[in-house]
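Quick heads-up: structures coming right below.
In the two complexes below, chain A is the common chain; its partner is chain B in one and chain C in the other.
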Partner chain A sequence: MVDSQAMLDKVWFILPEIWLVIGAMVVSMMGLSGTRLVRDAVPVVVCCFLAVAMAGIAWVYGDADRLAGIDLLMPQLGPYVKMILCAIGIVLAMLSVGLIDRPLEDSLKSGRARFDPIRTSRGEFFAFFLLSLVGAMLVCNANDLIWLFLALELTSLPTYIMVAISRPSVKAQEAAVKYFFLGALAAAMFLYGFALLYGSTGTVVLTEMRDAFAEQAAGDGLNRLAIVGMILAVLGVSFKIVAVPMHFYAADVYEGAASPVTAFLAFVPKTAGIVAIILLLGTVGWSGHGAPGAGGLPQPILVTLWMISVLTMTLGNVGALLQRSAKRLLAYSSIAHSGYLLIGVIAGPGMGINAVLFYLLAYGVMNTAAFAVLSGLQRQGEEIESLDDLAGLRHRYPVMAVVMAVAALSLLGFPPLLGFWGKFSLLIAGIEAHRMPLVVIALVNSAISAWYYLRLVGLPILAMPTPASESITHRPVPWARVAAVIAALGLVALPLFVNELLP
Partner chain B sequence: MHLAEVNLELYIPIGMLVVMAVLFVTANMVLTHLMGPRTLGANKDVPYESGMNPIGSARKRFNVRFYILAMTFLVFDVEIIFLYPWAVTFAKLEPRSPEATLFLARIMFFIATSIVAYVYAWRKGVFRWD
Partner chain C sequence: MTWLWPALLLLVPLAGAVAIMFAPARQAKWIALLATTITFVHSVIVAVAFEHWHDGGFDLEAVVPSLGMESMGIAVRFGADSVSLLLVLLTTLLVPLCVWGSFSAISRRVKEYYGWLLVIEAAMVGVFLARDVIFFYVCFEFTLIPMYFLIAIWGSSNRSRACIKFFLFTFTGSLIALAGLLYVAWQYAEINAVFEPGGGSHLSWTFDIATLTSFAAGTLSASEQRWVLVALMAGFAVKVPLFPLHTWLPLAHTEAPAAGSVLLAGVLLKLGTYGLYRFVLPMVPVAVVEYAPVIAVISIIGILYAALICWVQDDLKRLVAYSSVSHLGFCVLGLVALNPLGAQGAVLYMINHGLSTGALFFLIGMIYERYHSRDMAELGGLAARMPVWGFFMVFFTLASVGLPGLNGFVSEMLCLIGTFTASATAEVYPGRLGPWYAAAAGVGMIFAAMYLLMMVGKVVFGPLKEPVVREPAQGRALPPDLCWREIGVLIPLAVLCLYLGFQPKPVTDAAAGSIETMLSAYPQEVRRYVARESADG
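Take a look at the complex of A and B:
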């Protein structure tokens, strides 16, 4: 019969997620309301639900007795990752205010059209927004492979639709289709990996799998099937974190989606993917197994991760050098940052994982700041994409120019901004784990990235406005610009609390 | 195993079900034959009466509403599939125990999501067939 206490505990720790699912249902209905005020209130309601969820996370994880009894591989991941997901989720929701249905709402306002529920998609957009966040939060609570798979898919499936409805353009639909098919391919890949992991251990429960692997390692080494399965699973999940070799979609999809959705894509699925990789590697364990002398992850898995990390950061940074579009540039930058994150994953529990979690927070804030600038500006209702559009932004929108500069400097890892502390802790973790070559490659990559990040600093601040950039105006809704300022303030102010923020 | 050892009483419900099924079908056929009006014609003899024309190209365009309606049907189909195992397990739980309450709360939440889906589809105009 069922163990009722364990089941109650399981539900207890996903109460914030259940709350957000209720939120998704509420906003999907609100979006269909005939009253303009109710439709406009949707993002506000989303932010309220997320704020209450943050309080809920603090509350459910405050229960020390239950936390001690919880049967998770890494229970310490939960509160931190969920908190940053919700907090940055609030800022991302602010970015998306007024994004969906803009032409429709305009024609409704001027009385040229009558409200018809079938033509709106604002409620759905924010419902999917919340559901995707819920998926990423549920990944932290995964204690078996089936849960992990479902949570990862719950993170990704809504994002495909969010990309498609983010703006009324063929580009967005093309991006969504590419994203969907490649996402399905990746899902098939890591599902295959999960099947092999199950085949080699006879269990899908992560904690039992860890014991099975420990037993195998104590005998004559890990099962070959297990190693193949683990590599396949990690490669499949690397789609979510846009790591090489599953990074091909990034530039096209990030460019095709509207900027607020791109900011979402660069943070939420990446967080879910990194947590999933940490959980998967946690079953093998970072120490005690593997080839003699290595004393860490099994050699083939370690080599794979090492190669993914190096290729990801190098390809990301070199690719970004060639871009003329700000969104494509930030897409390649997103690839590069996944490479940095993997250094912490290789370094392992303790400093490494803490550095990864802290870096996720830092990356979330700075990435959101950069995309918030792009979301807050427009040219005749169209997105601004080209780097040249940012030239001389200081003369017309000084605050936005400063935010862009701060975000780019932080992405570069310029002290004393938040990004510096993130990268610093990752590199320290790498050195502590004796991964010097990896750290050196990361440093060289940082130097390469300076070239294009400094362009993002120089163009808005130092360059003279061009005729093209003169035609830039701001969006009628101020919230994206407010979010940009909040995120930039975070980049400047949060380093003061580094000690508190480190998990 | 000898026939004598098999507890044939266990098969009584199945036997009753078979008998009922046969009776239901024959009764319906006989009753329609006796009571139904008879109209003959070209349309009466086509394989899918009142349905689509089976002759000609199969590559025709359907109204997209068919698909939307089919998806709405799926919502309830999936719900039924979940309700059966739930009901079987729920009957075995001790009344008013914490796990029974949890089970009830779970299925109520699940049904609530389906109701929201239904209301949503209704408001979107899925059932409106202009």
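Take a look at the complex of A and C:
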């Protein structure tokens, strides 16, 4: 019999999510309206819902008594992660304004066609946008494997559709199919891992699982099934964070999806995945279960994560060196950044997790800034993709060129931009956890990444425009460019508030 | 608000840069000149009010509240001793001259140009005033961005390769140095970890330079010090630059616009030697004693190798660039002599090299503006066409060569005497070098005289040879010889060269106190090392 008070507490802390689900329903209906003004108001309503949700998060988590009594593995993750998801969600929504249904709206405006609800997908797009965010937020409140699985799937399922409808191109369809099948494979993988975890502990509740593992560790060590289950689960979830070995889809999917959706993919599922990995690892703990005399995660899991981290950052950075497409380059850079994030995960609670959360914020802002530049520009209605398209951007769009340069330098971790403080906290966390080799490998990787991020700085600002890049214009809707400027200002100004922003 | 006084040295140039962003292009240079002049005057006032010229103490100490990362002990912490202040003065003197000297040379993207000059001034001053490792690192790294753009936008033909190479070399180097500094900070945090009553503990991080320096020198084991030394040298040796890591420099110097070369040679290279002075020597004395001969040999190789390369250069700028590699070798040699004479020589060398090589780059820039050539095969006997230019060229070349009576001589001699007397048997300050090192480096002085005087002989004297000007200068045409503005840029430098040649005492005295503090651990370390060596052997 579930305690009704505990149930109420659970619902209390997901009130913001419930509010956003209502928002998803509202916008999906608004998208079907015959009045153009109502349809155009969809992104505005999305932003309003997200802003109210932010206030709601502050309010529900302000209730200290309830927070103390809540049955969660890591209740402190909630407010921070949800806040950054909503805040960056607002900027991401600005990126997507005017992305969906543009041909349809154009023909409606010129009177060539009549409005037909069946042909529009703007409402759905933004509804899925909100639902995916809700999924990522719900991951923080998961206290059992079923909830965790459902929340992770709620994050991913809408993104498959968002990729498919993001632009009327066969590339997007192909990307969506690829993304869907590999996502399903990954889901099967971590579900199998979950099953093994259940089998080895007899419970799906994370807090109970933690106690069961503690008991096993005090006896004759962790159950082997549990270790295999944990490794499978982590490998499966590494699909969400684009980590090796589940990274192959990244370049193709990121390239195929429209830039605003790519920005979304690089941030929201990654956040959900990282939080899920932290929660899963929280059940075995970082206190050295089963490895006498040593702190840190149990040895097999530690080795797995260590390998994933090193391979992910190295492969991401080396892969990015070879790219000619800006979106593919940013895809590989997204892979590399997951490798950095895992350093904090390996380091564990305290500095490690704090650094991961802070880095998620930093990565969210700088990644959004870079993609916002790509989203704000076009060539005859088509996306700009190639790096050469950015050549001499300064001559036509000086502000966008500067934003791209700032974003690239921040991604490189160049001081004093936000990315530097994020990477710095991760390195400190790694050092505190005595993971010097990882830190050194991360530094070497930073040096490698300087080469390709420098191209993103140099091409827009220094190179001369080519005939191809001359034909670039801005998208008719200004909001992506506004978002780019906001994100770039954030990269420059947020370092002044590092003390306040560190969780 | 005590922090505002030193912080204004950074904030005024930055404010100038912001103002330029919003001002019309033709006023950019005047705003830049105003902001840099204010900063210069400000730094002079700071220097006059400075109380520790003779005792090596720190002044201007202040922390900017609520910036940085409090939980990690990172703060924007200012502070300056006499050596930092001397380098601040050098910086604030050179930047307004660079601005003034660029008035006619820059006609493209004017606003950005002066904006970057102001930003780089703020970053360089920040490096010298920082008393926090991370604040230091932020400023140290941030000098890269303005210089990258200065080379990449206003450089000559091969600029894109030059700026990328420059960026990648220095960025990688300073990342490794950061790793070394982080290691020191971590060791401090571990050893001073606070144990809470509940059984947990948390590390007590700090990035205060003074705390970490005394901690590292006193606590780190010999093998740890060795690793830290290697890491720090990786960062600072790239910047100096020392022999195998110098390859970015000739390229960057040659391609940079005149003012960029001046700042690169005048100040940015000193960030490397300043790093040696501020971090390497006081932090890891055991390792420095052990590796002093190695560093000295590398410096001497640099001195001789770069000097030989100078000999066969056709490009004026490249020649002076390689001569910088050679000259900075003396500076490093003076530092690893580990005695006050050598270190005073090194500090004086930092100032002198900034003045005379800075001036040489200005002079070459003036030629380039007129003829669009730096090729020594195309230029000759220019004294006939430009007597004033010829006078200054000879003057600064002689200063650079080390003619007695001019500044280069004093510092070079001090470095060499320091090296010469740095033998293990010396009474007060034993060292690990000695006469042989000084003799080998001394050959470099002869080479320097040969290549620099050959250059002067070809370019200034002899039959007049002028290249056909391919593209006429845009805007106002320059007179054949130097105009008053250009002379005005050179005169302060010339006066200082002459003054420091006759009267180097103010600088060496000022540095003495700081040097004494820095070297305090060394005599004992060297004796201990020598005793152990003789016991082993």
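Keep this in mind: the second predicted complex is superposed on the first by the 499 of 503 C-alpha atoms of A that agree within 3 Å, B and C clash if a C-alpha of one lies under 4 Å from a C-alpha of the other, contacts with A are read in each partner's own complex, and residues count from 1 in each chain.
Convention: a contact is a pair of C-beta atoms (placed from the backbone, for glycine too) under 8 Å apart; a residue touches a chain by one contact, two chains touch by 3 or more.
These figures come from a predicted structure and were not determined experimentally.
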Exercise. What is the contact status of A:P117 with respect to chain B (first) and chain C (second): first, second, both, or neither?
Worked result: first
For this session: Answer with first, second, both or neither: which of chain B and chain C does A:L427 touch in the superposed model?
Result: second
Exercise. Does chain B (first) or chain C (second) touch A:L32, or do both, or does neither?
Worked result: first
For this session: Could you tell me if A:P415 is touching chain B, chain C, both of them or neither one (first, second, both, neither)?
Result: second
For this session: Name the contact category of A:L182: first (chain B only), second (chain C only), both, or neither.
Result: neither
Exercise. In the superposed model, does chain B or chain C contact more residues of chain A?
Worked result: C
Exercise. Of the partners chain B and chain C, which touch A:L8 in the superposed model: first, second, both, neither?
Worked result: first
Exercise. Touch check for A:I18: first (chain B), second (chain C), both, or neither?
Worked result: first
Seminar exercise, completed: As the complex stands, chain A meets chain B at residues 2, 4, 7-8, 11, 18, 21, 25, 28-29, 32, 116-118
Exercise. What part of chain A is in contact with chain C in the complex they form?
Worked result: 350, 409, 414-416, 420-421, 424-425, 427-428, 431-432, 436, 439-440, 443, 446-447, 450-451, 454, 457-458, 461-462, 496, 498-499, 502
Problem set entry | Touch list for chain B against partner chain A, complex | 97-99, 102, 106, 109, 112-113, 116, 119-120, 123-125
Exercise. Which bits of chain C are touching chain A when the two form their complex?
Worked result: 66-72, 134, 137-138, 141-142, 145, 148-149, 152-153, 160, 163-164, 167-168, 171-172, 175-176, 178-179, 182-183, 186, 189, 202-203, 205
